[in-house]
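Beneath this line is the structure, given in structure tokens, with notes to follow.
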């Protein structure tokens, strides 16, 4: 049973992934690491910022709304404690009326809308209201900053082919996958790194090796890029079959780096292919056609389109 | 018929431009790619942001204004539904008066201007108004963030010479073009990459090769830079004539990268020259003169100025 | 007494740390430099910005609050000087009442809340109030910008092991320390540089040398990274004992550079280990375990966990 | 008369400085280029932004204030045109009163302070006011964004020694200058590039050559850095005297690049030394002393401090 050949001169804890990496995949399809770190503090400066920026949009808006309600409830309680007789107001004097007036006066102060139909009639209320409007300005600065920060945060939105293929390549074969940019922003200077991870049956731990690519950088990325690792004699995949990779629990970790031309920012994206996600003997179909007016047209939906093609594997012994 | 010599060891789908690149130019004069990607989603997070940032200025302002009208119309409808008798107001009670009061109360709430001459007189109206002012603050955060983001977005504004030239260069000839910075910001560490793309008559597809430059980086860029590809024996252009390039549908794709010293940001700009945009036997005229006070003065309008000069082409066989 | 071997071809003022570096450590545990620069100007543009962004959170909020009070006190004094009879107001006419009305009118103007229960009744007051609201908008722009800038400022929050170890490594020994990311943001392309600084007994000054590392860059950093300097024959530590390093007042300066995937920003962090912070004959215990569901789980608290292991030192003479 | 030896294989228009560079310095002491580019457009998008960000602080505030006055004057004229009888207001009805009420109603609308003591009493006025408050929110977004953008713009604030020196260095001599960071932010990965520019007497144009440095990058920059170009046999300065450099109108152009650790941004700074700003036979005095508590203390004022030292020049012929 041939096994992928690794650079055994490297220690086991390669790539910072830790020596205890088990049978599952290290990197999930969406690029997150398959690692749990329980007990990270939530309410601490930048960590809090990070969570607020990356949480789901609905959850974030709900949090904003609840925070607005809570702040108004708190100040309404303070105004009620001071007494609603210390306000100029036109509303009724029932319990609900006073509670509502306190709440909405707070809301009009926090948002600085300040209609004035309810207004302070004592120095104490004026002081609390002044403090509340200051607090409102600062809180809304954070809230709206976060809202815009979430909206404008740079994202790589590459769409990788669901499966990698082992296809004919220059007389031999090659390991290939491809991806497209799903956004209309212009990406340039796109770089790819592919790391193969296999289980070492002797030690029960994983070993990692970076695969040589036909090219690891392209200058322009208007359409799609098919990344190719030639399975030549120098490749750790030389002479291996699909079964060999399954047995070694092989995982191909993909790192893409690109420059977003529109916003002058570097963006990264990751994914991985495990042995079961490789099609042996298939090649990618073209995604682009030449339209009648001479402009190339690309069909993003075709990124997964493959067609069968005969290949020869397991022939070349390592 | 001699053809440009390419590195045939590279596959055809070089540069991510795809193998179906046809007879037209790959990169337009303004640097955009000559590719259509129909069906990109519009209303999805960052893509929406990207479109709002890059759309035309007039269209953006019109969108803001229409959004403001629409939001006020919506809330006016809600207030009318609740009933205008639940407001303290001084206006008339005709249908138009009530509609207008509802609309302008909404506008005064959304912008938090809140004069108070119209004000809520029921708990329900107060609640809707509180919600509207919250929504107003959040929406204006996005709108004004986008407005400022558009205004402050980094741009490279290099002006390339309309035509490239083939001029005498060190005993032989060189392919040259030049460009200037049309902004008063300071650009430094400017890098140039020039890729030649030609149609391979055998396969009908395009091949790409990066051209060697006399220098591909300059540290300072106060005036202009004439980028030179020496047509020596190692050049794929060696021995070719203007007709050869026309026949091969040659396109010189230019990528410029620079660091904007004023804003500490990397910026990129692209353009391309097709065979028909090359002047054979011409050189660029100087753009700068020494003023009376010893300061160099540069005339940006002269970037296209060339003068005829005899050259010898097609002589050296590849 | 063997001394670490340095590259004596380098001058003494290496690393910009200056030739007068004395017996203490050059870099503190928290990464700040052990240098005082008295007399830096405080109130000058960007320096002021820098101080406001980096000062403690409580101090910053106190400064904001005091600034708000001071601005209102100033404008209250102006309004009192003009005379409170030039206002429409409902409050009393005692000295305290007039003072409070002036103060709270100012607060309502500065925050643009503008209830209207106190309002200008003369052109002069209107003019001052218009100027104050303009000033309020500009000041709050700076204040809230700073508040959000502080909140969103990128931070590296790596947790280094309190001590470095000299542990067995490939038949010999290695100098090792490790660190984890305490934030949930994804760090990639992590680079490490380790510089050894020792006192030269001949000159009384310090000499610096960069240590070769087993690897100085990792692509992924989901868990922990143990940085290893192999103490082989080429190492300046070859044949040295703990006492030798103490005598030479050795300090290992650590620089970590990483790319924050979430915010597309490069971040840096520094620390240092002095001779007394090295455990000779100890190795780090694993930090991660494989949970029942196949996901790797990392215990951040274990970053300092070591266990004794026999090593042989001082054997190999340099 | 020996002349600096340049790499004559480079063409004359090196560094993008243009071939017409005359007798004066190319780079001013403050790092700006000694070039005029008349006729750059002012009111065009990013160029306008650039000018507003970099203009003097007083001028910027004056512009803001005048803009505020002008906008209010414009809207006051519109309100006066509609007629002040279409407002609810308590002020007098004299010409000045009406004008002032129109102006201050505009100011209260533009800043969204909206006291309400003047308020719209017709649909037309309400519509104009709604539009004005929308315009106010958008304009203030730009104005306050610019204000904060100016305040937070990254700046390198290195202080270079007024003069460079030619001092003894390793048995020979070296061209040296030094600089310190005048800000409390932490700079790391500081890189230096020094380019020598001399007038070529044959062609009357300038030639440029990059000087080899003892080191061109330091990892840490807590104190000062003395940049050294060793005047060895490979140096274009070998065997030259102060008079030679004066005659060749030599200019040493200095480019510093650093990473601002506090804000995760790359910053650049430039300066230059002309022949007359070089002290021959002088060395820099130490800037730092060890304080009583073992902390190194640096005196920024000493950056220019030099002392005479005998050197031998003009001896080694090129």
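Going in written order, the chains are labelled A, B, C and D, and every chain counts its residues from 1.
Simple rule for what comes next: a contact is a pair of C-beta atoms (placed from the backbone, for glycine too) under 8 Å apart; a residue touches a chain by one contact, two chains touch by 3 or more.
Everything quoted here is computed from the prediction, not taken from an experiment.
S.K.: Chains in contact with chain A and with chain D: which ones?
M.R.: For chain A paired with chain D, the chains in contact with each are B, C, in label order.
S.K.: Which contact partners do chain A and chain B have in common?
M.R.: A chain counts here if it touches both chain A and chain B, which gives C, D.
S.K.: By the contact definition above, name the pair with the higher C-beta contact count: B-C or C-D.
M.R.: The greater number of contacts lies at C-D.
S.K.: Among the chains, which has its CA centre at the largest distance from chain D's?
M.R.: A
S.K.: Between the options B-C, A-D or A-C, which interface matches A-B on more than half of its contact pairs by residue number?
M.R.: A-C
S.K.: Rounded to the nearest 5 degrees, what angle rotates chain A onto chain C on CA?
M.R.: Superposing chain A on chain C takes a rotation of 90 degrees, nearest 5.
S.K.: Looking only at residue numbers at the chain B/chain D interface, is the share used by both copies over half or under half? Answer same or different.
M.R.: Shared-number fraction below one half, so different.
S.K.: If you average the CA atoms of chain C and of chain D, how many Å lie between those two points?
M.R.: 26
S.K.: Find the geometric centre of each of chain B and chain C from their Cα atoms only, then give the gap between the two centres in Å, rounded to an integer.
M.R.: Measuring from centre to centre gives 37 Å for this pair.
S.K.: Spell out, as numbers or ranges, the residues of chain B touching 2 or more other chains.
M.R.: Residue numbers touching two or more other chains: 108, 112-116, 140, 145, 153-154.
S.K.: Can you list the chain C residues touching chain B in their complex?
M.R.: Within the complex, chain C contacts chain B at residues 112, 114-116.
S.K.: Provide the residue numbers of chain C that touch chain D in the complex, in ascending order.
M.R.: Contact set of chain C toward chain D: 10-11, 13-24, 26-27, 32-41, 45-47, 49-51, 53-54, 88, 108-109, 112-116, 119-121, 123, 126-127, 129-130, 133-134, 136-138, 140-142, 145, 149, 153-154, 193, 195, 253, 255, 265-268, 270.
S.K.: Which chain D residues qualify as touching chain C in the complex?
M.R.: Those in contact with chain C are residues 64-65, 68, 72, 90-91, 96-97, 100, 104, 107-108, 111-117, 140, 143-145, 147-148, 151-155, 157, 182-186, 188, 190, 214-215, 218-226, 228, 259, 261-264, 286-291, 294-301.
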